[in-house]
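Questions regarding the structure given below will be posed in turn.
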Amino acid sequence: MTWDSIIQRDAPAAPSRVTVSPDGTRELTYLEAIKDALQYEMRHDPRVLMMGEDVGVFGGAFKVTQGLFEEFGEDRVIDTPMSELCMVGAATGMAFMGLRPIVEMQFADFISTGFDSIVQYAATNHYRTGSPVPWVIRAPNGGGLRGGPFHSQNPEAWFVHAPGLKVVTPATPADARGLLLSAIRDPNPVIYFEYKSLYRSVRGFVPDGEAGLVPIGRANVARAGADLSIITYGAPLHEALKAADELASENVSVEVLDLRTVKPLDVDAIYATTRKTSKVLIVHEANLTGGVGAEVAALISQHAFEHLDAPLVRLAAPDIPPPYAPVLEDASRPNKQKILDAAKKLLSF
Amino acid sequence: MEFSPQLLERAHYWMRFTRAFDDRLSALFKQGKLVGGLFSQIGHEAISVGAALALDDDDVIAPLHRDVGAYFVRGMTPARVMSQYLGRETGPSRGRDVNMHGCGDLSLNIVGFISHLPQTLPVAVGIAHAFKLKREPRVAMNFFGDGASSEGLVHEAMNWASVFRVPMIFIVENNRYAYSTPTARQMRVENIVDRAAGYGMPGVVVDGNDFFEVHETTVQVVEHARKGEGPVLIECKTMRMRGHAIHDNMSYVPKELLAEWEQRDPIARLELRLREMGLLDDAKQTELMARVVRDLDAAQAFAENAPFPDPAQLTQGIYAV
Amino acid sequence: MTWDSIIQRDAPAAPSRVTVSPDGTRELTYLEAIKDALQYEMRHDPRVLMMGEDVGVFGGAFKVTQGLFEEFGEDRVIDTPMSELCMVGAATGMAFMGLRPIVEMQFADFISTGFDSIVQYAATNHYRTGSPVPWVIRAPNGGGLRGGPFHSQNPEAWFVHAPGLKVVTPATPADARGLLLSAIRDPNPVIYFEYKSLYRSVRGFVPDGEAGLVPIGRANVARAGADLSIITYGAPLHEALKAADELASENVSVEVLDLRTVKPLDVDAIYATTRKTSKVLIVHEANLTGGVGAEVAALISQHAFEHLDAPLVRLAAPDIPPPYAPVLEDASRPNKQKILDAAKKLLSF
Amino acid sequence: MEFSPQLLERAHYWMRFTRAFDDRLSALFKQGKLVGGLFSQIGHEAISVGAALALDDDDVIAPLHRDVGAYFVRGMTPARVMSQYLGRETGPSRGRDVNMHGCGDLSLNIVGFISHLPQTLPVAVGIAHAFKLKREPRVAMNFFGDGASSEGLVHEAMNWASVFRVPMIFIVENNRYAYSTPTARQMRVENIVDRAAGYGMPGVVVDGNDFFEVHETTVQVVEHARKGEGPVLIECKTMRMRGHAIHDNMSYVPKELLAEWEQRDPIARLELRLREMGLLDDAKQTELMARVVRDLDAAQAFAENAPFPDPAQLTQGIYAV
């Protein structure tokens, strides 16, 4: 740490309550799990560094990186000028020279400002030249925080359409840590969407050390069931699980598949759950048209068509910018009730 | 330059009103009546009010998140801005956009900004370009920050404005911080205005906490642009006196720096000058403050009684018809 | 025209061969039809202007705008600096002031450089503020010209996912003219993808004057049929029609639906053809994953599911940057033979 | 500065080779053996060769479409470049990328560019940044054009390089045109280098058609950057002597301008100086030209006999494993 001669420090934040379970896992919030992965990897791999706007001294807009500047210093936790496009390009250059940069977008919404560096340069590089581009972009995703049209977006589908990227969307603390470790170690450019609405609202047991690495490209059956599949990812997973709980009490057995990675998709898991239940409801927070749900539906309707016995239903935000007013934002986001309604309608097909 | 008493009175009212509006919003936030982000503009009153007062009604202004005063001067009523903050149907975005974002109204010649900084800049340049193409004697004015100055689009917009010699006034509010990032980490120059020369454009630095200097300079620059002599960059030096937004206690800002700038408070300085000029006394001050509170209460009452948007209309208006 | 004091002019290009049919339509190439629409609209609406890199004196990289600078002058045919992001933003500002700007991207590939101005500012503006943004971006789309990874892209799906835009993809001279007129008159931001490979290879009769306006959002049954539907848009339409011809000679009746607009989609036409044939093959030039075809398949699999009697098949470019080497580019593009193969497989389901 | 005979001989060879390579590609194009775009670099030889010769092997270079000479100097063989143009498996992109695009090879410390200008610039800046972080005494050099200079990313990259004081050399090749657009329509300044001051960065203008000036300046600047004194912008004034690409007859360029620059041909000037210095005579010239043709024939033969890519591998390599 060095550029803080001018800075007066707060008293350090109280350490968060960490519960350790008998098998050595710790109970962490989603946010703590992300930070744990960053810290773990930076401690073990000197090539790893981080950069972004206000990630250093300030600890990031969401305080995900708090304390890392103090631990790793200004060469590894780099506060940058406001330049998303240059930031991603610089990460590519650093990656070329053997470093493993992690870029934080202050909000996922601003990833579009770095678009060309991502989809044109980095994504295509390995195919065109054979040189890998091992970087990670962390992008705080989604709504629910009354952030309005430019602090609530879910832009993952743009990157799913761009050849050469990997895109992950963890929904639990364990996946948040496990996928971030995998993303940092992956030789490809990986976009890691982390859900703002889950940062402090979700806790869970998370393995320490090398345990709990979650492979990119593998979905997870978050709840097994037989009557209907809900395929989802990111924040709505928790709404889907609540809906499944409620349906269970009505004797309906719902399988919830958490994609976890939206590029490349785990097609085997998608087809397996389709075969099992024959009825699929796809849920995501991003707007409907051209979203990831469309790709999932298209894959199923081509490759698991014979196993379907009902229409493929998508539940997503409408095709509007995420609105601010709580009454509008709430109406626009998929939630337990909407999932229940859609599921029941589908079950009665 | 002559400053008429009427002008000074307007400036005084709106600077005071803006400050009070800012304080009121913080109070509402603490009461939980306002959710989402809240940006304080304290310390920026001379810039927003001083520059906006240099424009004619026909001119277009594109202010930013710390330019609330400019919206007011240009006719966006406090009741509407307050409605926007409270997510009501009566705000300029009808509850769709948040806080000062998208707080525009083209019928008032105010262009709203979006978060992606500085996306409004080329829009304002295009507006100025339209004035030139249509041979209308109007100008456009756009604000941006020291942080936003690092974004590539600032370069494109300044270059474009200069190549096409459009009637555009760029105002950069250098308030020493972009969120937690001090200007020394944002650029390796002392003055952003040094970049104007690279576009063949005049640039001028003003004390952003001095209403008289801001206003006089913008008046001159507006005239320059209106005469067809092309764009100008004005750098207003100031200090962000609060955190980036209300959640930020700005522990990264040295206390001495804040104390130093406290001494240069734009409103205190304006009022001192007004007293020196014999235009202000205790009675007038009291009267003005009472008017501010009254108008503010009315705005708040309007907003708090205004309806929320109708969720049945959630998906309406995505396309113009 | 004024900034040409320094410019030596070529002899004017020979006028193209124009055939006029008895009903007053003229036979034009796809490129001529685009230019005709530009010229017609600029002659009739003084608010319309054009800008882009090299669109003026040079007449555009593809010579689509040749002659317009001479006719309309430098205030209405504006050569800009290389600044796609600013260009789109400036168009928005001009639109706010009552003008009707048309922006030319030199290649559709460079539209990503103007991304934020399009998807964040212009697209969302009417929803957020109620002010319309009537501009058009013309983007020369697609491959087949040996342009390699950055001069052959088909990026329309990104914009289909962005709320607030309209996206059109004409495949014939008549639609090229008719949709461009509609796009210019539309009060919304419209992205007009024109196909480079069709510029001079396709000719057709095109109405003059106000006739032949093609509404945005309306698909066209390019060929009626009963056994199988091919849903497509843009350049591959012509390959689909050839395949349909060939299948007709084998007594298979293929319906070819040309979407023409990919946002908003003509869902009624999509469902109608599905109901008619029950077998759908979706074809596009853009890469597969997250492409427009996914949305079409998802819509059918939800809303016309009961009418399907075979899997929904998509045929598209693979998920790679468009490769340069002719042998690779040819292998990556959908063509008549691949359409035939896919159609036959589907017919035998 | 001393120019060793060895260095001058190398420069002479590569400048001549580059020119001949350029002519040969045009011929292949006309024969229909080469499809897609073809950019001539005629007139740029002193810049590409002069600047590249200032670097050590460990330094990284990111040249552009008119810097073929730089690729050669840095060890990208003509056979590989020719293979790339002919879409063969033996080109650096194995037929995936087109002409000079993506013509990089990190094992040679050459970074390829992509069409989206100037997307390679931040990549080179990141490379220089990595050198600084790793405390390696290496520098990065990136080329861009007068047209690309209008893109916002140039601003971001120069500002970033300057804020972090990375060992980066920016070379802007001001060849007076960007496609059909003359610099006067691209910017309202005479010298792009005037922008360096706005980043607190030194800037220098050189005659881009004078090998000696280009090389001497780049050597000094490389030393400056290598010592940790931060980035520098060099503007090379030159003229694009052919159309933007081979399809373009550049009727928009005044004939007198071309005639004037014809007089400043960088190769003719180099050869004149070499003769004056007693380093070149007719015999040596003949020998060198024969070597150029021989090497060029070999490269062409290699490329023409090389296999095309295997379409069965079309989708391979999208991910690194």
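A, B, C and D are the chain letters, set down in written order, and residue numbers restart from 1 in every chain.
Throughout what follows, a residue touches a chain if its C-beta (ideal position, glycine included) is under 8 Å from a C-beta of that chain, and two chains touch if they have at least 3 such contacts.
This is a predicted model, so every value here is computed, not measured.
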item: Greatest separation from chain C - chain, by CA centre; value: B
item: Between chain D and chain A, distance of the C-alpha-averaged centres to the nearest whole Å; value: 41
item: Inter-chain centre distance, chain A versus chain C - centres from mean C-alpha coordinates, in Å; value: 33
item: Between chain B and chain A, distance of the C-alpha-averaged centres to the nearest whole Å; value: 36
item: Shared-contact residues (touching 2 or more other chains) in chain C; value: 81, 83, 85-86, 109, 112-113, 116, 120, 124, 127-128, 149-150, 163-164, 319-321
item: Sites on chain D at which at least two other chains make contact; value: 93, 96-97, 102, 114-116, 150-153, 156, 159, 163, 185-187, 318
item: Chain-level touch network, classified as line, ring, star, complete or other; value: complete
item: Of all residues in chain C, those that touch chain D in their complex; value: 3-4, 6-10, 53-54, 57-58, 61, 79, 81-86, 107, 109-110, 112-113, 145-151, 318-321, 323-328, 330-332
item: Residue ranges of chain B in contact with chain C within the complex; value: 60, 92-94, 96-97, 102, 104-106, 111-112, 114-116, 119-131, 133-134, 140, 152-153, 156-157, 159-160, 163, 317-321
item: Touching residues (chain side chain D, partner chain B) in the complex; value: 150-156, 159, 162-163, 165, 185-189, 194-195, 197-201
item: Chain A partner contacts - residues on chain C that touch it in the complex; value: 109, 112-113, 115-116, 119-120, 124, 127-128, 149-150, 157-158, 160-161, 163-164, 263, 265, 287, 289-295, 297-298, 300-303, 305-306, 308, 310-314, 319-321
item: Residues of chain A touching chain D in the complex; value: 49, 75, 80-81, 83, 85-99, 101, 116-117, 120-121, 124, 126-134, 163-164, 166, 187-188
